[in-house]
Every structure is written in C-alpha cells, then in structure tokens.
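Note that subunit A is present in both complexes that follow, paired respectively with subunit B and with subunit C.
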Partner chain A sequence: MSQLFTLSFFTAFLAAAVRLAVPLIYAGLGETIAEKAGVINIGMEGVMLDGAFFSFAGAWYSGSLAVGLLCGIAGGVLMSVLHGVICIVLAQDQTVSGLAINMFALGLTSFLFKLMSQGQSYQQVETFETYAIPGLSKIPLIGAAFFEKDILCYLLYILLILFTIFYKRTDLGLSHIAVGEAPHAAESAGIPVHLFQWTALLVNGVLGGIGGAYLVLVQLGVFTENMISGRGYIALAAVILGRHMPLGMFAAALLFGLANALQIRLQTIGVSVSPYLLAILPYAMTLLAMLGAAGRSSRPESLGKPYVRGSR
Partner chain B sequence: MPLLEMRDICKSFSGVYANENVSFSADKGEIHALLGENGAGKTTLMNILFGLYQADSGEILWKGKPAEFASPREAIEAGIGMVQQHFSLVRNLTVLDNMILNYSGNRFFLDRKKERQKLLTLSERYGLEVHPDARIADLSVGERQRVEILKTLYREIELLILDEPTGVLTPQETSQFFRMLKDLKNEGYAIIIITHRMSEILEISDRVTVLRDGKKVAEHLTAETNADQLAHDMIGRDLHGLTYTEFGEKEGAPAAGESADKRDENRQPVLELKAITRRAGKHTHALRDISLCVHAGEILGVAGVEGNGQKELAEVITGLKQATSGELLLDGKEIGHASVRERYESGISYISDDRQSDSLIPDMNISDNLMLRDYASPPYADGLLIRRGAVKENAKDKMKEFEVRASGTQGAETKVRLLSGGNQQKLIIARELSDRSRLVVAAQPTRGLDIGATEFVRERLVRKKESGGAVLLISADLEEIFAISDRVAVLYDGRIMDILDRNELDIRRIGLLMGGVTKESV
Partner chain C sequence: MNKNRFFSILVPFISVLLAFLVGCIIMAALGANPATALGALWKGAFGNTRNVGTTLSRATPLIFTSLCACFAYRCGVFNLGGEGQFLIGSVVCCYIATQSGIVGLPAIILCILCGGIAGGFWAAIPGLLKIYRGQNEMIISIMLNYVATLFMGVIYTNWLREGSVPQTMSVPDESKLSRLFGLRCTSAFVIAVVIGILVYYFLFYTSMGFQLRAVGLNMTASQFNGFAVKRYILFSFIISGVIAGVGGSAELLGTQFRLINGFGAGYGFDGVAMALIAQLHPLAAILVAIFFAALRVGSTTMQAATGVPTSVSEIIQALVIVFTVAGLAMVKLPEFKAALERIFSAGKEA
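What follows is the complex of A and B.
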C-alpha cells in the first residue's frame, strides 16, 4: 500500500483523472451552452457516440486525423440537428427526444460499424500526438496532467475560458442567458429566440461530437459498440453540479474523472473489494454530488420548455 | 401624415375575432389612449403593431410607408417600444442586465460601468428609482414596472406603447409618471397608453379610441368627451358606482354614515395581529411590530407603496410565511403555527397579488383550479378518488354565478392560462369567497382589471363584508382603498404608520404616511 503515497503515484493518478475527464468536459461544455439557451439535450450520449463512430470511420477511410475529426463533428451535429427539429421546430418534449436520440445513435452506429468491419477485428487508427508545453509541463503534480496533452485538450482550455467570458461579459452571451431564462421576455427585447436556440444546439453538436471523437482519435484509436457507456449522462450531471457555468462544469467533470481514476487505481493495486462495487464509485459520487447540490438550483427557468412564438 | 397608421386590422384566434377591421393612428407629440374592457382587443392590436402577432389582414403604415413587423426586434429597430402588462423581464438577471439586454448601443463586450451610469442618470431624470444590481425576482411588482418603463426609454424609440402602466403606482408616483409622459410628449414622442382608468384618460390623453368586442366603437378628442360617455362606449351599459367614488366623496360607499367607533362596539374581531414581527430575509421585507384588528362586517384597507411589507403581511396571515414573533388570532384562537390548509379550513381565504403564480395553476383547466383548495374533502373527494361529477358540477355553478367567461368552445375544460386577467380573477374569487370563509385577505385584487371586472370584484368584497365576513384589502390603488374600506391602515417600511377611520380619510395625509411622514415629523 505504500505505493499509494508517492508523488509519482499522485502525478499519474491526476493525469489519469484529467484524461478521463476531457471527453466529459467537451460534452459538458456543449450541454451547458444548449441548456443556457433553454434546450436540454439528454441525447448527449447519442451525440458523443455518433461523434466517436464517424470520427473513427472518417479517419479509417481517409487515413487523416483531421478528416476524422471533421467527420466526428458532423456526426455530432447530425444528432443535435435532429434534436433541434423535434424540439425547436416541432416543439415536442425535449426529454423524450433526447432519449430517442440515444437509442437511435446506438442502433445506427452499431449497424454501420458492423457493415464497416465485416467481422474483422482490431482495426486501429492513429491518434493525435501530445505536445508538452515548455515550462508549464514541468510543474510538479499538475504539469504532466494538464500540460502534456494533445491539441484538442489545449483547444478545450481555450474554449472554457472563452465561453466563461462570453456569458459574463458579452452582449451575445447575455442574450443567450435571457433566451433560456425567459424566452418571451427575450423575444420582446428583440432577440430571435429560435435562431439562438439553433446556434446553441449546433455548438452542442460540434462539442459533443468532439467529445466522442476524442475517445477514438486521442485515447483509444478504436471504435467499439456503445463505447460512450454513460459518459453523456455524467456530462449532464456535471453541468448541473457545475451550476450551468463552464468553469463550474469543468471542476465537476474533473471530480468525476478523479473518482473514475481512483476506482481504476484501486482495482489495479488489488484492493480486496469487488471490482464491480468499485466500478460504481463514479456513479455513486455523481448521485452524492447531486444531493449536495440540491436546493441551490442554477437551472435556467425555461429549460426544457418549448418556446412557441405568439403563445401566452 | 401621422407617424403611425393602422388600417382595417383583422386578427382572429381559432376562429374568434380579437380585432375586426380596427383602424388606429398615432401622431408625434400626442398621447393617444386606447380604452376597452379586458378581451376587447386592445392588447392584441398593440401586439400586432409590436410584431408579437401578425395581422390576418389590414395594413400598417409607419411614417407613411407600409410596414410589417415580423418580430419585436424589427419594431424596436423601427423605433417602437412597448411596456407589456405581463412584464417582459428576466427574473434571474439584475436590473442593469435587463436594461442592456440586446440593447443596440452594446458592443460585443458589455460596458456595464458606462451603462450603469446611463441607467442612473435616466432613472433620476424621470424620477423612477431603481437599484441597478437588484435581481428582478427580488423586486415588487411596482418596482418591476419602473424597470420596464426605464427599459423602453433606454432604447431610442419614437413611439412608446404602455399597457396599463399605472396600475401599480401610488398617486404620487402616478402624477410623477404623468409629468414624465408629458415631458416625453413635449420632446416629440408619440405615446399610446392602454388603460381603463377614466380619470387618467381625461387627465393625460389627447385622443381616445374605444374598443369593444374587438371592434372600434368610438374615437374622441379628449377635450370633447367625458367619463360617462367613455364608460358607455366601452361597456355599453351604466355602472353602479363602486368604481367611480372620487376621493373625498362618500356616496355609493356602503359604509357611509355610520361612525366606525359605533360599529366596532358591537362587532366581533375576526382577525387580530398582536406585535407581529418578521425579520427581513434576503429577498423579503421586514414586518415590524404590527398590531391590527379586522372585525366582522368590516373592510380594513391597507394602503402603501408596494415593497413595504404588503406581501409578507398577507403571507404571514395566510400561513405561507411564519412570523418571527407576535400573536396571530382568528376568532380569538391562536393560529400562528397552523398550516396553510388549516387556516383555510378555519376560514382564511387569500386573493394574491400574483394570481398566476400564487393562486392558479395556469396549465390546469377551470374546473380543477376551482377545487384546488378543497380537493381532499367532500364533495370532491371520495376516499382516494376524485369525483369528477362533483368537480364539473361545481365548475358549472361557479362559472355561472361569478360570470367567468372562457373564450372558445371548451368551457370549464379551458386552460386557465388562456383566460383574460379579469376572468382569472373572477375564478379565484369564486373559489376563495365561499360561505365558510371568515376572513378574506385580498392583495391588489383589481390590478390590471377593466372597469367591469373591477366593479365585480369590489362588489363581491363588499357583499362578503355585508354578510358578516371580514376583509383585509391590501392595495396600492388609493382610489380602491377609498372606495370600499371602512378603516385604512398605512404600511410603510414594514410598520403600520397609522390606522384612520373612514371619516378621517384625506388623500394628502395618506399620501404622506405612505411616504413615511407622520404628523409629528411634519
């Protein structure tokens, strides 16, 4: 057990946590943006799965990571556009639509993957390289975890900061918040509510798609059926726990990453607890965290309610 | 050439005409009043102009050119601003953020410091005091109104539409508001004001257009008309007088003649508050040492500018909030710790000032809303089940008795959300003023209602009192307080400044008390 307490153990532990958290943070950021504008996308799991599959297919057939990434983004956007048509254009129930999207994406990607692989296994694509940032990556403990990463991870840091500024300081950001809080008031102030919701959903698709693609193009190099395995839902939880702000969500997602990393560590060092029980850890933590956050809702007031123009 | 001309506007909702061939115009430097009962189509007409609805037929000329506003954004860009009756504010944002929301003067990055200064200057200039960093949800309805008006003035507009703007203001605030409107008019603004108050129309407007049942029935120059004619145009019948009591005048008032002392002697106290105190919360106002008594057969008016503890007073009595200390007695029994339901069952009814969130469930239908308070007891409850027959029966009776009209074909199945404000209020009254209610706490019961509905509500309150009930009437509308109260308490900063008898009422004195000025300090 003494190996638990060395610096190198903690360094590796934190690095694993960040690694596990990045896809969650991408999806969580996308979800934050959609929810700010009043559209809840429970279908994040499906968006990510689509992103993962199409990025894999794109990279496999073209041999190019960039093409793979673009395909992943397109796959994610496809799902959120579907969600938008149902929820914005047809003003249907957002929860039902989101769940349907998850099922649909699972079926679609499994089917297409079968077609593609034709029984061959172990198809692998190359992955994005990591670049250590000089100086920063040498910081003890956190350097390797945060600053010895790939380009998509660095892009994520920038996006987190940009979106925080967007909501706190910009005209457009304020309008987006108003759309999710009070669409009728926003419309009266001259904000085109549906247009804003569409933009938010498109960004939701792009970021969710990247979140899925990240698993394939950065971490694993392979696609497997249902490989998102609940990450989309955890991202939803991170958004709530992070009080619907990008940096809060970032912290919450890191927490889940830590829980997951811990669970894996404990398994590998052979703690005498059933691995199945350990595997529950991140999810149990999610529930606990939600309990802790109860009563302090930051939920946009009109979240999940379809906005129909001219209705009372 | 008028600034605005609307010609033969028609608009129907599911086959029912809301506007039928309505023509309307507005000029620069003019205040044009739009008068009509609820459901007469005033707001619909203005919503069409403001781009919230599209007309089915007819045309709009803006500065002489045909225009059609597909959205409020286009209307605002053209120079039309509107303060809606149901506020268009974002509750979870601050006053300042609401001000600058989608403001055309914004750059990509918000300059809150500069805009804050502009807001403060504007609010000072028009005497509309607001706190830039307060969250809208924490403001009283009256304060929100101020924010709404400022928000419109914030944008460079030429035509200002105001939907029932003075309903929540004190007389002092109203006259200040009118001075502001006159200033705006002299600066060249065109102003359209939707109101049902005759005195206001006669005082402020240059022209009046009257709508009834979606049709334009009259247009007058204000100088050439009078209240009687307008009232007749508007409702097509004469009124009884509860609405028309002018300040100082006492006829038509049911309590006239008798002295209050004499009444008190032979009347039982129904509600007694003894030194009720409640600490101010983050979002609530304080109550300080409130002692008062409402007798059977009496209407006690509570006057005061909103946000001085009215809401808290009503909620402490009805049980929605707890007092920190003090005693609360109903018919001599302590009820300070009773639940809302227990209090209702022992006879406390509540007409809230926020009917959509406190009194109704807007997405449920009329018959269900009518039994919200009694669903668990007979005749509605039958063990675990609800007897739909009894519910329907009740709805039918109440709708008839209280003249609740549901437009459309669904009758008692109509969602309450789709009713006009007046009909929603009648529905609440139908539920709350049952035979067993001993005390009615009525907060701003006629806010936003037209004359017909206002008169109806007041009549019902008076009838309650005449049948031996007690009424606590909390209102920011002095006209209303004067019209039907037997005694008047003035609330300021959570304190009762004074309680006056009907025969001591004097608008100036009350106005001073409402502003926190007592006799001693004058």
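What follows is the complex of A and C.
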C-alpha cells in the first residue's frame, strides 16, 4: 500500500485522469453547446467515431497531422449536419435521428476502414507532440497533469474559458440560451432560432470531431473499429452532471477520468479483484452521481422539441 | 387504406431498395458482379432449410431486443438498455442452469423466468430514476449496459469460469432448448414469436395497452385524463426489460450454452434500430429482425463466393436505418403533404 500514497503516484494518477478526460471534455463541450440551443445529439458517439476515422485516414494519406485534424473535423461536421437536416429542417425526433447517426457512423467507418486495410496493415500515424508550459508545468501535483500536454489540450482550456464567458457575459450567449429555453419567445424577440441551432450543431460537429480525432492523433495513433466504445454517451452523461455548463461538464468529465484512472492504477499494482469488477467503478460512480444530482433540473426547457417556425 | 398508413409501409421498402442500390454500386466498384453477389447473399440466407434455420436462429435474439425496444417506446420512453437487460438475464440464467443442479424442463422454465425477472429488475432502475428524479432514461440505461457487460466479464473470467479459457461452463445437455426439425433454430424462436404476438395483442386489443400507447403519444393529455402516467412508464420499462431478459436466457439455453467474451454484444442497439424501422409495430419488428439476420447470415456466403466483404452488408443495414428515418421524416413534412394533395387533386381532375 505504501506505493499508493506518494507524490509521484498522485501526479501520475492525475495525469492519467486528464488524459482519459480530454476527449470526453471536447465532446461534452460540443454537446453542451448543442443542448443549450435545444438540440440534443445522442449521435455524439457517431460524431466522435467519424472524427476518429477521418482524422486517421487524413493523417495516413497526407502524412500531415494538420490535414488529419481537418479531416477529423470535417467527418464530425458531416454527422452533425446530417443530424441537423433530420431534426431542424425536417423537424423530426432528435433521439431517433441521433441513434440512426450512431449506427450509420459505425457502419460507414467500419466499412471504409476495411476498404482501406485491404492487403495492408497499418502502422501508427505520428501523434501531436507535448509542450510543457514553462513555469506552470513545474507546479507540484497538477503541473505535469495539466500543463505538460499537447496543443489540442491547451486549445480546449481556452475554449472552456471562452464558452463560459460567452454564456455568462455576452448578449449573444444569452440569446443562445433563450433559443433552447423558449424558442417561440426568442423568435418573437427577433432571434433567428434556426440559425442559432445550426451554428450550435456545426460547433457540436467540430468539437465532437476533434474529440474523436484526439484519440487517434494524440493518444493512440491508430484507428480500430468502434474505437469510441461509449465515450460519446459518457460525454452526454457529463453534460447532465455538469448541469449544462462548460465548467461543470469539465468537472464531471474529469471525475469520470479520475475514477477510470483509479481503476487502471489499481489493476496495475495488482489488487486481487477482478479487473472487470474494477472497470465497473467509473460507470457506477457516474450512475451514483446522477442519482444524487438533486435540485432543479438544469435541462433547457425546450430540449429535444423540434422547433417549427410559425407553429404554436 | 389510409394515406399515412400506406406511406409508413412504403417508406421502409423504398429505403431497403435504395440501400441495396448503394450496396450494388459498392459491389460493382469492388469489381464484383452485383447480381451474383446478391444471389449468393440470398442463397446463404434462405437457399436451403439448413440456412433458413441458421437465419431464424440469428434472428431470435434480435426479435427479443427489438420487442423490448418497441414496448418501451410505445409508452414514450427510450429504453436503450436492452443489451444490459439481455445480458443480466443470461447471467442469472447461466448461474441457475449450471449451479442449481436442476435439469430438464423444470430448469428451463425456472431459468427463463428468473432471467426475465432479472431483466425486469435491471430495467426498473432507469424507470425509477426517470419518474422519481427526472433523469434521462437513455443515459442511465446505457451506463447500465456497460455495468452489465463488465459484470458478465467477472462471471466468465472468475466466478463461473471453467478451465484456462475465459468462459463459463456449459449448460447441461438436458437443459438446452430443443431444436426445431433438427435445424439450427430452437424453440427460442417460437418463444420470441409468441411474445411478439402477446405484445401485439396487449398493445392493440386491451384497454391497458391503449392507455399505455396514449401515454406514449401525449403524456400531458394522458395526465389530464387521469391515467397513471408514472405507473405506466415504470410498467413499460419493466416489461420491456423482462422481454430482453427472457431473450438473454433463451439465447443462452438455445444457441450459445455458455457465457463468453462478446456474448450478446450489439443486440441492444440492433433491437432499437429494428424497432424504429418497424415503426414500433411488434409483428413488423419480427419480420425486420429476420430481414437483418438474413443480411448477416447471407453475407458470409457472399464473401466466400464472390469476395465481397461482409462489411458491405453492414453498410446496407446502416443505410436501411438512415433512409427509413429520413424517409419517414420527409413524408411527415407539411410541404410534402401539400405536394401530395396537389398531385392527388390533379389526378382527380384529369
């Protein structure tokens, strides 16, 4: 047990937690923005999977990480645009559309990956390098975990701050929230509801795509079929736990990362409990947190309801 | 026939045709003759009685999970936890079948009953959280899928593990479900169809079923009419879980006989997709499940005969789902309805 409670243990533990949480936070931020505008995207899993595949394909064929990232973003946007067509233009059930997107993304990426891998096996693609921020990365405990990361992770910190300011301090952010809470009232106040919803979905696709691409271009360097394996859904849970605010979502995703890092850590030091039982820990914790999430629901009032102009 | 009804049947058929069309283009792009490939696909799925048996056996768990999805959605709640309920059912079933010492018909009845109860219990969790805490039932039920999958992992790697391979011991021969006409498919298929018919009868020919559908169509109006909305939601969750749990037990006793890595993987979401294509009609769900099973079974033959990879079949399946959802969305559009009116009235004048 002595090896459990050293500073280096906690540092490594926290670093692992952040590493596991970053893709979730990207996806969760994208989902927060869509849900604030009243569009729930259950298809986040599919958006991420598409992002992961196209970033891998892009990076593989071009040999450039930047191209890979752009392809990943395009892949994510493709899925969220499809979602937008079904549930904004056609005003259909958003849950059904999201589920269809997950299935479509799984079929599409598995198929294209098989086409790509016919007759050859893949090496890893290059991954983004880490840059330690001078000064900040020397802070004990959290320095290495938060400030010795890659450029996409730093971008995420900036986005989190920007979106928090956006919602708390700007008129545009307030309009955006109004669209999700009371679209009819927003429209009569001159806010273009559908424009806001489309913008939110595009951002949702971009961020979800980066979330998927992050797994490939930063962490693993390879694509495997169905590699998102539920991260999209966990991001949705993080949004709810984070009460639909960017920083709350950040904390919830980090909590999930911590639980996951803890169970992996326990496995490696050889606790005599089945690894499968340990792996339940992060999910069980999310469930317990949702059970305990008391008080008024933070859910936007018109979430999931299609908005048709001129209807009542 | 009423126009809406007509389109709700037409759209899935057109979607299937379009999906196959795209599939054929892909096959041609891969350098195979689409006609030969589709012929091989058909032969693999329905070519002889043996293959039909295999197709029906593959369809059986899908029928259970799609009925599970249908039942909850009819009440307006999304149970995405069919997979978890299926697995928990099979875990409990496996425990009783291998550990209780009871064999034969009593064991089969006991196993399936307990599997169903376990599934119902697992589904009650999201149901209760939904009605008492207002939590999103979809997210909760998905989380419970992961818990169930991992819990099954504990079972086959630790608690009921047999030998060096990570799998449980096999169900005793006396407790296995009997095969129909010596084919791959077992009485599990019969159970599935019977449950499908019961669900159909309940939903469309009983007053409780009517109220349940009313809750699904308009929760607020049902509340005003004094229906016990919360009770219906919980009830629909539990029954939907029972169906999945019975499915898990039947799959274990009829086809797999032991729990192993990958048991039941993907059946939950497959069921959801099939329920959507069947537009929540239980009998249509059975047909859709058989159709998807045929695509899966046949694709192996297709790959062996023509070299077209099985993933083409996966793409076709995915496209059927996407086209159906988009198509049904389209025919509900006011613009589409207006255009239709114009065409119809023009036809009358001419």
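By definition in this document, the second predicted complex is superposed on the first by the 306 of 312 C-alpha atoms of A that agree within 3 Å, B and C clash if a C-alpha of one lies under 4 Å from a C-alpha of the other, contacts with A are read in each partner's own complex, and residues count from 1 in each chain.
What we mean here is this: a residue touches a chain if its C-beta (ideal position, glycine included) is under 8 Å from a C-beta of that chain, and two chains touch if they have at least 3 such contacts.
Here the structure is a predicted model, which is why all the values come from computation and not from measurement.
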Contacts of A:Gly63 with subunit B and subunit C, given as first, second, both or neither: neither
Subunit B versus subunit C as contact partner of A:Phe104, first or second or both or neither: second
Subunit B versus subunit C as contact partner of A:Ser188, first or second or both or neither: first
Touching partner for A:Thr170 - first (subunit B), second (subunit C), both, neither: first
Partner, of subunit C and subunit B, that touches more residues belonging to subunit A: C
Residues of subunit C defined as touching subunit A within the complex: 78, 80, 129, 133-136, 138-140, 142-144, 146-147, 150-151, 153-154, 157-158, 269, 272-273, 276, 309, 311-312, 314-315, 317-319, 321-322, 325-326, 328-330, 332-333
Residues of subunit B touching subunit A in the complex: 50, 52-54, 71-77, 82, 84, 87-93, 97, 100-103, 106-110, 417-418
Parts of subunit A lying in touch with subunit C, wherever the complex brings them together: 42, 82, 85-86, 90-92, 95-97, 99-104, 106-108, 110-111, 114, 118, 230, 233, 236-237, 240, 274, 276-277, 279-280, 283-284, 286-287, 290-291, 293, 297
Contacting residues of subunit A [partner subunit B, same complex]: 169-172, 174-175, 177-178, 181-182, 184-192, 300-301, 309-310, 312
